[in-house]
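My structure is below; once you've seen it, I'll send some questions.
First chain written, first letter: the chains are A, B, C, D, E and F, and each begins at residue 1.
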């Protein structure tokens, strides 16, 4: 399955959710939970188009929006810097027109009200009024360490209210299959709980008396 | 009055709010304000069922949900660790069926969208995709230092949008009585303000001229 | 133009937004982005009435609400202290009756649910159940370093979802004029983008090939 | 044994060290490790004389040095506030003349070079040039929650390079006895290690093969 | 008195210390105490030569060392960024040869062992192995907000173990005079304390009984 | 060259220093600078023996010291947890006897005075009196993300006063060669500086006039 044509797989990921896929794949790919969606109802799935930029400089970001493909998720590593908003309403307008699926920023954005109103998915560490310079070329579409997790161009980004999960490109099919298996198992547990089962029995955990 | 039968008192606490009860009882019991409700509209009242667990381990939590009584609030001390979600949707499903009133976590949870949709009250320091191990027995229903405040099993947890307040079990009646007195006093102040009184006069504070 | 009569200018600032005015004035006046509105939909504009208070003491705040003029924004420097709520529902009731436009706090508040329900604009670094003492006179209506930015009495405070911006009193007309020019330029860019232009061309930035 | 006459016990605590006593007493009394000695070679033992003071106010501290007894350790809760130095060289001079054993501050001090030169034991969260006001009466010699740990007047403070440990007054004899037992056990382990024993065998832990 | 010829005044500042001068001038000029000397024995005095640089870029720093005058203190605002060392051993070698008195960095440096061995005064927020880029022109010798305190070119920087204090250029004579007066007063207090006086009496503070 | 026999190469790395090798290898391998040596004079070089352990559990550490080879550096990922000291004097005694070169901890240690006195190289994020449990098996000698940097068993750890650098095992020869080339270049620059050259000329950077 090629990632660019993987709409059905992406829809499945979206339904299964980031926490389920993270567990299903053996606890890999979780990004620092301090990177949160601007709008808590946001879901975001798509192949990563990476941008490695200096902390308060968005030249590489401006160039990347021209290069990214429809459906791509821009993964922008601004080194966790919170005192400059490297993305705003004009870039949002451009990105939406270019079909970019959303962005994930280890840094800050601005014009947050407009971004939420436009319905553009943005995961960010912060919000800041201040802008950036445009001097540093940065790097575009290279492998990154992003907020503690490796991300390569084409890896699948999956973000929801719990945070962001990176699915290695080669693992997409497996992620869906294992995620569905885990979701089925959890549904079965929910049914058994509804029928009166104890969770510790379902999980095979030992019984326990409280201290007093 | 026995805490387990204290529904009317709990309803009063809920109406009076955590800040009012904190002041009324002489400024005790306030938990670190970084522990916030997942849904800002959440209110939570009930006797504490305490869980002392290792930072990234939820074995004791899994056992505690089997032992807690309907109406209990699980107070889970995971030592402020933010990089593991120790509570998710299956535990929420189980806890709701068991009649648990809600949870307060010095740590992180996951499946936050589902938890909010299910309407289960959760106060937490963070949200994280990553899960926990199940190796450490921890301790169940023992006195805790919880986020800087002592909590004993059976103490009353009162949480709202401002944060969490711990009412010692023996102080429940007094908390309601003093809280009502304070609320009445504040209402009277509001009426006098509406009638034109100055707040500094009502509080007996000295007048003041600005610098320029 | 006198700031107290500047309603039309204030309405313009509100429409243009804090980030636009910050850029238009040459990147000045941005306050630490950790000071956020209680309700993300909040907008706030008005002349600053400053309060310099000790970290857990609100005597000067109680005095300031008596002295502030209708339309004023109280700018309360509590030194970033997060473990005491120096403003609550009674002060909110008083301030609304006095016509105070809103408050900006480098510190914490409480009774946050009531404040949001009353629709009173509050920007704050934190929320805390605990209250304050009333011993320290502090200083009223003096120039402040507020969360890293100088604020003098009468400077215009402009706050929205992105954060807070301080417009020096003497720059109000210029802020509106330059803000409108910048907004017009951004609107023009949006139209060109809609018509198919590339953002890097509009900004005069160099083209770029990705790494692979 | 009365704490004020407990010189021999104090000397034993000093030799055993804070970490050993913490473990020996069942893992109680450890203070937030961010409170460190100004001079890493500092050791400090003595009964607590507590001071509960507002974050940037040292009136209660000035009063406390007059009231404390020779050998006392001032335990000053300034709520973790780092932007005011509440203790400096004049207070150090006074405290040394009064025979005060040292101070432990959840806050900041100044004149740190002079304090180290004078050889006065100071454990502090921070160092700050700025001073304090003298308006807030605070409270003197009352039970405190100090940096997450309860401290009552007369409890024994034990501080060394690893941090601070609070020994409840009634546990002093037991602390020495259990600490000596633990130290003896550790010495025995060191001898066995020198003789070739494996640490996991001494501790009864399971063997283990590495992953590869 | 002209700052460049102010050697005697600088020596006096050095003797009086940053905390004393801060108080003597009416509590102005204290820089964020998180900016500390690499070597705690460091003292540093001299006129500020300011550098406003992007968070991970030292082009402006490289240019500044060529422009600064002997005796100048480079005040480098790198926006508190800790993940790039913008100054190392080669720059230290150059700066010492150019007679630069020392540097103050709101950011990080590297080669810290060599810098301390060379005896070059460096106050910094952090130490980091990583280097910087050289793309962003920054600004040289302009007024700055430096770690929360305004600094203009030519203001006097005074740093010691307690932290950094900024003396406005026009206040140098007054700083020395007021600092000496304050130091004399403190010496007199020390003598009176040695003679048996109580500190609260010397300060005119009220007496106090402990709680129990 | 095999890493275990690489003493000469290790000595070269030690002389060249972490910052030089980081730059020479193209800016890779720098660990979070918050992990610092207990004793600032510490240098440490050796192949990594990795330990992935739960935040407050040292079972895997106890097992690892039995398995590590002489010369190995234990790289212990305790997830940055600061509230438990997972390494103390007994482990230090054992490790020294086993010939372990030193440890690098993303977490905390205790008995810091004894460790420094014993001269055992320890790089750690914190110091804490509290101990750990021994329940969680963790993982031994597996690839890790360590404080934001990938580390595989056998990679070379190089730590000095500036922090820690990870040299991939296969790059050891190249690291020495490139490091020596960089050091030679820097020495040449120092000579030219001594002879009067300007640093910006040596680096080919543009000249600059200050703002005023």
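Throughout what follows, a contact is a pair of C-beta atoms (placed from the backbone, for glycine too) under 8 Å apart; a residue touches a chain by one contact, two chains touch by 3 or more.
Computed from a predicted model, the values in this text were never measured in an experiment.
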Problem - Those chains which touch subunit E and also touch subunit A - result: C, F
Problem - Approximate Å spacing (C-alpha centroids) for the pair subunit D, subunit F - result: 31
Practice task
Return the distance between the CA-based centres of subunit C and subunit D, expressed in whole Å.
Solution key: 43
Handout entry: Touching two or more other chains - residue numbers and ranges from subunit E
Key = 83, 137
Fill in the blank from the handout: Those chain pairs meeting the touch criterion are A-B, A-C, A-E, A-F, B-C, B-D, B-F, C-D, C-E, D-E, D-F, E-F
Problem - Parts of subunit B lying in touch with subunit D, wherever the complex brings them together - result: 145, 148-150
Problem - Residue numbers on subunit B that touch subunit A, as the complex places them - result: 59-60, 62-67, 82-83, 85, 88-91, 93-94, 97, 108, 110-113, 126-131, 134, 137, 139-142, 153
Practice task
Using the touch definition up top, name the residues of subunit E that touch subunit A in the complex.
Solution key: 54-57, 79-81, 83, 133, 135-137
Fill in the blank from the handout: Note: in the complex, subunit F contacts subunit E through residues 17-19, 22-23, 27, 30-31, 33, 36, 40-41, 160-165, 186, 189-190, 193-194, 198-200, 203, 205-212
